[in-house]
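Structure in structure tokens, see below.
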Amino acid sequence: MDRLEVTEKIIAAKVSSGIKWSEVAAKVGLSKEWVTAACLGQMTLSAEQAGVLAEIFSLTAEEAKWLTVTPYKGSLPTSVPTDPLIYRFYELVNVYGSTFKALIHEEFGDGIMSAIDFKMDLQRENDPNGDRVRILMSGKFLPYKQY
Amino acid sequence: MDRLEVTEKIIAAKVSSGIKWSEVAAKVGLSKEWVTAACLGQMTLSAEQAGVLAEIFSLTAEEAKWLTVTPYKGSLPTSVPTDPLIYRFYELVNVYGSTFKALIHEEFGDGIMSAIDFKMDLQRENDPNGDRVRILMSGKFLPYKQY
Amino acid sequence: MDRLEVTEKIIAAKVSSGIKWSEVAAKVGLSKEWVTAACLGQMTLSAEQAGVLAEIFSLTAEEAKWLTVTPYKGSLPTSVPTDPLIYRFYELVNVYGSTFKALIHEEFGDGIMSAIDFKMDLQRENDPNGDRVRILMSGKFLPYKQY
Amino acid sequence: MDRLEVTEKIIAAKVSSGIKWSEVAAKVGLSKEWVTAACLGQMTLSAEQAGVLAEIFSLTAEEAKWLTVTPYKGSLPTSVPTDPLIYRFYELVNVYGSTFKALIHEEFGDGIMSAIDFKMDLQRENDPNGDRVRILMSGKFLPYKQY
Amino acid sequence: MDRLEVTEKIIAAKVSSGIKWSEVAAKVGLSKEWVTAACLGQMTLSAEQAGVLAEIFSLTAEEAKWLTVTPYKGSLPTSVPTDPLIYRFYELVNVYGSTFKALIHEEFGDGIMSAIDFKMDLQRENDPNGDRVRILMSGKFLPYKQY
Amino acid sequence: MDRLEVTEKIIAAKVSSGIKWSEVAAKVGLSKEWVTAACLGQMTLSAEQAGVLAEIFSLTAEEAKWLTVTPYKGSLPTSVPTDPLIYRFYELVNVYGSTFKALIHEEFGDGIMSAIDFKMDLQRENDPNGDRVRILMSGKFLPYKQY
Amino acid sequence: MDRLEVTEKIIAAKVSSGIKWSEVAAKVGLSKEWVTAACLGQMTLSAEQAGVLAEIFSLTAEEAKWLTVTPYKGSLPTSVPTDPLIYRFYELVNVYGSTFKALIHEEFGDGIMSAIDFKMDLQRENDPNGDRVRILMSGKFLPYKQY
Amino acid sequence: MDRLEVTEKIIAAKVSSGIKWSEVAAKVGLSKEWVTAACLGQMTLSAEQAGVLAEIFSLTAEEAKWLTVTPYKGSLPTSVPTDPLIYRFYELVNVYGSTFKALIHEEFGDGIMSAIDFKMDLQRENDPNGDRVRILMSGKFLPYKQY
Amino acid sequence: MDRLEVTEKIIAAKVSSGIKWSEVAAKVGLSKEWVTAACLGQMTLSAEQAGVLAEIFSLTAEEAKWLTVTPYKGSLPTSVPTDPLIYRFYELVNVYGSTFKALIHEEFGDGIMSAIDFKMDLQRENDPNGDRVRILMSGKFLPYKQY
Amino acid sequence: MDRLEVTEKIIAAKVSSGIKWSEVAAKVGLSKEWVTAACLGQMTLSAEQAGVLAEIFSLTAEEAKWLTVTPYKGSLPTSVPTDPLIYRFYELVNVYGSTFKALIHEEFGDGIMSAIDFKMDLQRENDPNGDRVRILMSGKFLPYKQY
């Protein structure tokens, strides 16, 4: 048994039960973004949180234990994603990557936006011309220091 | 002459003059995100806008004309970026890609967040534990339709 | 269980029963192009449509449920396809890609032809010199906007 | 000198003069699709046609001669295109590739749609919900034969 | 079940029984080149031909049916083959590719040698300095046409 | 200066003069296949043969000397060729590779067809249904030996 | 002009003058590790520091200005390095990568060792069996947090 | 059975029992770095050491024997790692690779730091600004010699 | 069943029994280099030789038969090997490849060293500074001929 | 100026003068293998040795200085070589790689054959069936040690 098998069991159980990610998140008591990522094998849960998921998805004690082990991360099967929804994010990195770099360095100097000390919030934005996906990302700026 | 040479000339002129992207954007009268992307060879300008850039960066009429031609987009030299700042965005796609997909489909059904009908806003977020980079993305949801 | 297994079961059942894709489409009441893509794991069906497929291909209720979940898309095993029929389409993109780009931008300005708000129709074209494959594609033009 | 340099000279001359591909095609007396592909280095012209292009784009006799030599084809810099417009066509191949294959074989048996004995027509399709790009492709079906 | 499993069963049955490809071809009544390719999962058989193979290799009716479905072609596990015999053919394409191109265009103009309307014959060529492999390939020339 | 520059000069000189590869070969006194490959930078010439080419293509003594140095071989810019004519040969390797392997081993045992002790002949084959490209390849069989 | 040209000029000037990296670092007043990385185009200098380098390597004012612009980082030409010295570090990541991951997570929980808030010290370690390279790395641990 | 299966069984047993790598190392009597690497399938154990691991992880005699066979090394699933923790080490090689090379050659001349005659020590470094990961690497310098 | 399964069974049986490759070779009556390669799935055995291996490794008649079929060769999982021992050979090709080419052509003219009509001998070389691996390779030179 | 330019100048000078690698080596006073590798940009020379080469190849003092700087190694343009002579060595690694690994570990235990403390000797081996290339490689065995 490994984490991948637990992830697949969670996904199958979710399809079978019809529960929503936002409902799972509410039971865990954290944001839907972090909880979904955790269920999809990208984050590490506490024993207590794993217990909540175990109950929702009928996991065994052995399976729940895997949720508390830091996983090997990366949720995509190829380095350039083939799924159209995910590709659009890759396209944003490709088209706007140099813009992200230029503007963040202009404002903060040399360094990066952390992808670890990071959080995000994904919402529907009502719009008469068609609703929009609104994603707010917030990552700590980490400066390169001289030594 | 091609667009790439114009982009390189703009970058060199910017280093030489010390003007900021936000100042360039103010002169063009649009957001700093869009204007920076355009200067970096990813967007198409009107003749008038190209004229403003030509003045700022001392471009010839021939060079300014290239800014009005739709460019071949993609601003990164490799499919997995090597620059640490840009890589962090690729990492977000890699770690959170399946989460983006799960949550957007849960809220909107099958479809994508447009990377064309899209805008973003990048700001400094003051924080006593270290300032943060705050990025607000907004893209129209485009549903797959049956036919 | 996952969507791939359902796709494989559908394909095997189709080989076994000898039913045609156009007949499947007629029972679902949509175009043969969309229905075939859905059966091959690329589109999302309503519960009712999934029920029709379940009957045709003897799927269990669990399997039918998977057809209503948005799949991870991409139907080819390699980034450059090896199958001669599919490669010819890749070759068209390779040889005519810059032509598509030049002509669409000339007519519409900067933007893309949507691959989401998209439909197509594939027909036999009788021709005394050998019949031809006729494909009519129609995708909404999405302009890049300034912000 | 090689064909690539002639292609680059043509593109630069077109940007400089502002002539449209459809106008170039009208002067050559062929479709805009074929002529654009030829100008972009993908097709072979007769001496007479090369002469027409030479006049439009101020090519030397030496440069015009290169237009009559069959070029090494392929107009994209990477195997997965980064430009959003061209990528959408690649995405269609990726998502619908197995559908193309299934439907063409169902109608015609084993074989391919030729990408050589092929023509296409690209038009604007007026639509109150936003104009559409309409592409009609027609390629001869070539059957595999037993021997 | 899929075509790959049928191919593997045929190969295993052939190893087990010791029958030769040329003997299989004689029973099918076609060339050994085409029949071997079909057995290795690259060509489509008629129901009658599939029946002959079913008898030779003890296939079930279900398995025989798969032989009549057009397969996803491509018989090599990597894009640059590692097997020394197959690599030599790839090397010929690599070393002589530009020569094939130059000589065929010189003789025929712009176009290709079809790999679909194609046949070949592979024979032993007796030679006192060591026998030789003699391969005769014949493919229809398909010209690019203007439109 | 290197061999590549000499190759490019030869190609440019050929375009300019309009001489045919078969005429070049006749002057050298060898087959058009070998001579074309040599001119395209894949084979090594004697000083005398280089002298013949130098006269045809107006090469300097220095340039002619490069023709007598064994070149770094491989005439294609990518591992999977993008040019449709050359791709068809790659496709043959991909589709028929396992067939070549099966039939050559059946006839000769373990070993390879040499791509070094190799010659070929490329001819037009008149055919009322459209002329055909006829390629006869002959390579020495080299057996693996036990030691 | 771009940063890469400045890097190449620095390297050429260093070869020509014979100055050591440690001497350059002493003049800048920082560690040899950081200063070498900066000279090789990976770090951003202050105007004053750039002035010191300009004097050492005879850079123009324009060239010195480029040293104060955050560069596009990544100092290797291929994703798997070919140089034996650099490859050994890649090998360590390949062989010990899962060990780094296991031990850091065991000690710190889920998170990463920062490659930004990072410093290192490289020294000769005298050893009778042959001197050793001793590298001390120190990077801040950054924990993933729940939100 | 192969080494990979034994590695997977060890990892699963470790998750199940909750034992720490440092405790395993203490029982084996070697550093936690070497022992973890060995458990993860990268090093070769003596029969006695394998016996200790067999007891800790309930391995069969057959499985323990595999631990004494030199494994095929390499612990990462892709050539550029996707896991953020491991990627940071790859990033260090990418950003600092040329610096490693420059400083080691300056101190030692042409040669490499051995990744075989190598040891390392990984520790927590307490720091009021956030604890740090401290890695001390020591590898023998191996000079290229002339012959 | 296929050759790979037989190879895996041989390796597992070898680990289990503890027999050495040199002992296996002695029983077969050929060099340890050829016999090891054959056991690892790279060479073809006679029925008699396969019988010897069947006895040593307890293979069934069916499994032994697979040893007499020419295998698909290539024994490495990735095109650039990750295992440090095997990588060193790849490094030699990378660093010394152009030297091999230069010296062999200087001595023999245009052609190759055969990897088919090839044998090698691998021995321990006692040395007071540490024993050495000594590999003697001998391959027939095959000249390119003109035709 | 960089090392690559010096390498290219050496190669061009060698073609022009017709001197042999073995003659160059004799003047330097080292083996032809090491000296050729050094001339091809893979090894580092002393100032004195660089002076000998400078005289042979008419290098400037500046160019000679580059020969004393440790180069970025790797002499092949692609990770899988396309040149037939060099490919055969890659093929040996591919086919015999697992055999090298098996036999060296059997004789020496876990470790590698050094590619640094390494020398080789390449000779013609007269043979009535065709002369052979004989390569003797000798590399120090480096054992992995426990710590």
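Note that the chains take the letters A, B, C, D, E, F, G, H, I and J in the order they are written out, and that residue 1 is the start of every chain.
In this text, a residue touches a chain if its C-beta (ideal position, glycine included) is under 8 Å from a C-beta of that chain, and two chains touch if they have at least 3 such contacts.
What you see is a predicted model, and the numbers here were worked out from it, not measured in a lab.
K.L.:
Identify which chain pair among G-J, A-G or G-I reproduces the interface of D-E, meaning that over half of its contact pairs, matched by residue number, are the same.
P.N.:
It is A-G that reproduces the contact pattern of D-E.
K.L.:
With centres defined as the mean of C-alpha atoms, identify the chain lying farthest from chain G.
P.N.:
Chain centre farthest from chain G's centre: E.
K.L.:
Could you state the distance in Å from the CA-based centre of chain B to that of chain E?
P.N.:
49
K.L.:
Hey, how far is the Cα centre of chain B from the one of chain I, in Å?
P.N.:
Inter-chain centre distance comes to 53 Å.
K.L.:
As a quick test, compute the distance in whole Å between the mean CA positions of chain H and chain J.
P.N.:
Measuring from centre to centre gives 31 Å for this pair.
K.L.:
Specify, in ascending order, the residues of chain C that touch 2 or more different other chains.
P.N.:
Residue numbers touching two or more other chains: 33, 72-74, 76, 79-80, 82-84, 91, 94-95, 101, 105, 111-112, 114-116, 142.
K.L.:
Looking at the whole structure, which two-chain pairs count as touching?
P.N.:
Result of the pairwise touch check is A-B, A-C, A-D, A-G, A-H, B-C, B-D, B-G, B-H, C-D, C-E, C-F, D-E, D-F, E-F, E-I, E-J, F-I, F-J, G-H, G-I, G-J, H-I, H-J, I-J.
K.L.:
Considering only the defined contacts, which chain G positions touch chain A in the complex?
P.N.:
30-31, 33-34, 43-44, 70, 72, 101, 105, 109-112, 114, 116-117, 119, 142-147
K.L.:
Which of the residues in chain J come into contact with chain I in the complex?
P.N.:
Residue list for chain J touching chain I: 20-22, 32-33, 36-37, 40, 42, 73-76, 79-81, 83-86, 88-108, 111-115, 118, 120, 122, 124-125, 127, 129-142.
K.L.:
Within the complex, which stretch of chain D touches chain F?
P.N.:
Within the complex, chain D contacts chain F at residues 1-2, 62, 65-66, 69, 72-74, 76, 79, 115-116.
K.L.:
Residues of chain J touching chain F in their complex?
P.N.:
So the residues of chain J in touch with chain F come to 8, 11-12, 15-16, 77-78, 80, 82-84.
K.L.:
Using the touch definition up top, name the residues of chain F that touch chain C in the complex.
P.N.:
By the definition above, chain F touches chain C via 80, 82, 84, 87, 91, 94-95.
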